[in-house]
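Below are structures written as structure tokens.
First chain A sits with chain B, and in the next complex the same chain sits with chain C.
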Partner chain A sequence: MLREKSRKIKTPYYLIMPPQVLIWVVVIFPLLWAIYISFHDWNPTISPQRTFVGIGNYLNVLRDARFLSALGRMFYYSGVGVTIQLVLGTAIALAIVEYIRSPRWRTTVLVLFLLPMMMAEAVAAQMWTLLITDTGTINNILVWLGFSPVGWRAKELALTTIMIVDIWQWTALPLLIAYAARISIPDGLYESARLDGASKWLILRKITLPYMRVPLAIAFLLRFMDSYKFLDKVFIMTYGGPGTATELPTFYLYQTAFSYFKVGYGAAMSWIFGIIAVIAMFFFWRLAKRMS
Partner chain B sequence: MKKVDWKRFFGILGLVVYGIFVLFPIYWTINTSFKEVGDVYKVPPSFIPTKFTLEAYKFILQGTGRLALSNSLVVAIGATLIAVFLGTMASYAYSRYPFTGLTNEGAQFNLLTVRMFPPIAFLLPIFWLWKTLGLLDTHFALIVTYSAFNLPLAVWLLKGFMDSLPRSIEEASYVDGYSFWQTARRVVLPLIGSGLAATVALCWIFIWNEFIIAYLLGGTDVILYTAYLPALRRGMRIMWNQIAALSVLAIIPSVIILVLFRKYLIKIYLR
Partner chain C sequence: MITVSVSHLWKRYGKTVALQDVSAEINGGSFFCILGEPGAGKTTLLRIIAGLEVPDEGDVFFDGQNVTLVSAQKRNVAMVFQDFALYPHMTVFENIASPLRAIKAEEGKIRERVHEVAAFLKIEHLLDRSPLYISGGEKQRVAIARALVKEPKISLFDEPLVNLDFKIREDMRAQFKLMQKEFNQTIVFATPDPVDAMSMADQVLILHEGKVQQFATVWEAYYRPSNMFVATYLGFPPMNILSGELREEGPHLFFVASGLKVDVTDLPGIREVRERKLLVGIRPEHLLLGDEKGAEISWDGEVLLSEIVGSDTIVHLKVGKDLGLRSFVPGIYRVAVGARVTVNLRRDNIYAFKESGESVIFPGRHESLFNTFKG
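Right after this comes the complex of A and B.
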């Protein structure tokens, strides 16, 4: 009879109401408002007048060469950067398991390697800016050793420099995931493979990597998602420059909406960029699902 | 003669090289934070401060730096508490009761969207929301915005912990005559205590580390430390030692959390 009582409790809508209200007020409602605004031309610094332009803003965004090249940069920055993070992180994780035997050393090394991941993107960017300005530490060391200084923030190199900082900070995440996946593979598998005389290379290809495929796909997704989401590093290290050499879509969006105050245009761009981002995510999600 | 294990040698060497790559910028920041500003620009660079001084820390802890750090602390704690509190409610409901139609899929989709959309795409309308309400540059706006952005993460993490809790425990508690709220408070919450702690830690770190929301929704009256960092770089001569000192102070809480929660981090990310 008492069991009946527990079953009779109604679905507690009141438990999900407050969170849903918060999300609706702060996220969904403003987003809907953004749709409305995106059909208008509105620059609040010039006049409060909003002129209706239909889907004009959307068409202009899709023809905006600056937006499209920013999108191209994003695929280079996120695609190449995240791939390197994944490969490097996996390699380091496997090396830790293979070559460090004492558990205490393993934990120490792991905690040290995870440090960059725990700090703010903004802090990491500041720390690296000190190192890579023209008279920064790395160039100072290069000059001191007799090499010529490198223009880390020059046009050709700037985006790659930011990518290196991203690799520095975020290789830790695939590393952590790969490490966790590797130590969860039962030792017995390796024992029997060794007894069968399998080479280390074969063991890596036939046991270790297949086992780690799903976690690594998740790591790739998480990283890809975060690397196109954030603009902190670009904002602090180069502010999009020199010229537009490091302008990623998120940063261009920031410029449009908060420096040029083209609010309607910015809203249209948010939607287009958001949709592209979500499509890219679903594409990778499908890919990851098929792989596993 | 003992044979040298070359594979092991190169493996360890690789780890050491990566370790230097990872740790050098951190070491250099700590090094810089104890320098005088003239010492920062020296060639060849000084690998330990020529003159060890706490000037930079004094400057940060006496001026706007302290205000920025304490604002960050208030906002991060407030938003974390709200996000985790509401997240616990929602995740318990989602974990234990079937939600059909709009409440289920709609709710899940809301949460997913927040995670995948770039924050800057949200910020334009949110900025105007707070501006219209006259709440721009207040603790309130920052706390509410941050808690909304971290709620999906909290729900997602906590639902995992709740799902792994067998239902029979609650049923036993009902049999013992506990009410719904008593069960929630005395049985469920203590059992997922460690998961709750991990969720708090992770949400806190995300909020503490966030930059663009802090920069756009705050910045003048309520300045958070991430937004204060670029402000420090203005001027003819950049006071790198002060920037470094603020960075070091800002990293300390995260390092403490990393050391305390190192075991949970792996579990959380694997889900």
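Right after this comes the complex of A and C.
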């Protein structure tokens, strides 16, 4: 009787054991290991010796001008880039619904916008790298149109160039979410508003946008998370350069840990970077809660 | 208050013809019902009047002015949708206020108007609530309040009662009538329920498959139906229809239908009927049970079923050779199944139709009688 009971209690644990083991081995243990490492100075290419430095690594990261400016770039890149993606995506979605009536044409246009998103990040990055060289196709077209060529990969512009490529590729996601949100708004509300004599602008402000708030917030969150961990295009298009002009925290982190092999310092940096993400999410959810 | 008229409206959606040559005139200050089954074209007609749709052919006039191509924004028409279409992200107050906000009315005037209308509809206690968390009847009132608040030229209601339960529906009918008087409104009311039309409407436009069947006052449509569709549609339970033929025997004229023989010699108008095959209609409320004094026609019937509906009774009878008839008896009438009863009918309550459905005999034919009905 008792054995029967204890077996009943244990069964669920056996069932969830395999994923548990996996999570402990590949997620939780490495995280804890990273905390342990972050309190040490350790370069495995020089010696297996780890020197305990306490919170020294953390203090150094917070004082590291290179890290802070990478963080600044990240906020510029994410803030401006994601905002543009969101505004542009929403505008295009609303325009599609407003001006394209035939379902077939709508699908066609949507698919066209979605195509870049289907492309692997690395492929898109490689393609654009070729397009934006100083004598690349884009500049050739500009010259042909009578403009002067643009130094897309120059120090001042490089990060913005990557941002534009990212906008080209990822505007489709907020577009798709905004489109779905827009077509889920009952027509009756619009007809009601028209009968009330509301102008198009008022209808946009009072019905469309309030109604799309939550889906758009989710689109923002998805894109922000993606751009927070963004690495691929930087890696392929500029490798952080020229100088450190396109160095985002993820790239600097990668360099620190896996090129310079300052493993303890890198671990501390990744924890700080992670905590910033948690704080950002916390504020985001507070905002989202207040909105709904 | 304006007079709205529509003339020769046609509207097609792909292959379906929603409206076919619909014309009508809606007098200012009247309660106008568009009556028809689902798919009859009621909503399309309302939407054309509102300006949400443009007809393929035909015109809409507001006080003689052609507004066919004027946008909905500029018509100052109010419409209450079947699903109410309340803005879920605004409070009840903001919902009601929205038409006034759209025309940028003063804040003070908005408050005053909203409270005035809310007080009339008894929804003042809901003003701070979200429309997501109020009952169907309350949503209905909010939608009506939103329509009333801007003092529209004309108010359109698209089947506003169908989503409500029986009790509230009864209540709302009275409210609609009161409201029309109180706010001096022109109301166009689309409904599939003849009871709505009969209890509220001054005039009724009966649609079937996009075609006008009859455009008249309710009583005229009831006593002088233009065809069998109108006759059976108006009235509950629907009219009994007997298929039979006219037979001449000497100086007498009889209507014969499965074992029943009715002397119709003196029925006004019967001599002008050319067709021999006829459909005779008898309203259940005109079939009286028991020993009726002065009954002109009496049959023996057998009770098949007695059905109590609300506070009235519908008695299903078998008359003659297997002829099923329904009789409507006011009040609760207890009668055993299988009982024999006498079924009485006054001759001037007989309706008759050609096989095509066109009316040939109806009570309203007798002008004097009709005038008493009109009351």
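The criterion applied here is as follows: the second predicted complex is superposed on the first by the 274 of 292 C-alpha atoms of A that agree within 3 Å, B and C clash if a C-alpha of one lies under 4 Å from a C-alpha of the other, contacts with A are read in each partner's own complex, and residues count from 1 in each chain.
Methods note: a residue touches a chain if its C-beta (ideal position, glycine included) is under 8 Å from a C-beta of that chain, and two chains touch if they have at least 3 such contacts.
What you see is a predicted model, and the numbers here were worked out from it, not measured in a lab.
Chemist: For the overlay on chain A, clash or fit between chain B and chain C?
Modeler: Aligned through their shared chain, the two binders fit side by side on chain A.
Chemist: Can you pull out the angle centred on chain A between the C-alpha centres of chain B and chain C, to the nearest 10°?
Modeler: 80
Chemist: Of the partners chain B and chain C, which touch A:P30 in the superposed model: first, second, both, neither?
Modeler: first
Chemist: Would you mind checking which one, chain B or chain C, touches more residues on chain A?
Modeler: More residues of chain A are touched by B.
Chemist: Once the structures are superposed on A, label A:Y211 by its partner contacts, choosing first (chain B), second (chain C), both or neither.
Modeler: A:Y211: touches chain C, not chain B.
Chemist: In the superposed arrangement, which partner chain does A:F67 touch: chain B (first), chain C (second), both, or neither?
Modeler: In the superposed model, A:F67 contacts neither chain B nor chain C.
Chemist: Could you say whether A:F273 touches chain B, chain C, both of them, or neither, answering first, second, both or neither?
Modeler: Touch status of A:F273: first partner only.
Chemist: Quick one: classify A:P186 as touching chain B (first), chain C (second), both or neither.
Modeler: So A:P186 only meets chain C here.
Chemist: Tell me the contact category for A:G197 with respect to chain B and chain C: first, second, both or neither.
Modeler: second
Chemist: Quick check: superposed on A, how many Å separate the nearest Cα atoms of chain B and chain C?
Modeler: Shortest inter-chain C-alpha distance (chain B to chain C): 13 Å.
Chemist: Going by the contact rule set out above, which residues of chain A touch chain C in the complex?
Modeler: Chain A residues touching chain C: 186, 188-189, 191-199, 202, 206-207, 210-211.
Chemist: Can you tell me which positions in chain B touch chain A when the two form their complex?
Modeler: Residue list for chain B touching chain A: 8, 11-12, 14-15, 18-19, 21-23, 25-26, 28-29, 32, 40-45, 82, 86-87, 89-90, 92-94, 97-99, 103, 107, 110-111, 113-129, 144-145, 147-149, 151-152, 155, 170-171, 174-175, 177, 180, 205, 208-212, 215-216, 226, 229-230, 233, 240, 243-244, 247, 250-251, 254-255, 257-259, 262, 265-267, 269-270.
Chemist: Under the touch definition given earlier, write down the residues of chain C that touch chain A in their complex.
Modeler: 50-52, 71-79, 81, 83, 85, 87, 89-90, 98-99, 102-103, 146, 150
Chemist: Could you list, by residue number, the parts of chain A that touch chain B in their complex?
Modeler: Touch residues, chain A against chain B: 2-3, 5-6, 9, 11-13, 15-16, 18-20, 22-31, 33-34, 37, 88, 91-92, 95-96, 98-100, 107, 109-116, 118-124, 126-131, 135, 137, 140-141, 143-144, 168, 173, 176-177, 179-181, 215, 219, 222, 225, 228-232, 235-236, 250, 253-254, 257-258, 263, 266-267, 270-271, 273-274, 277-278, 281.
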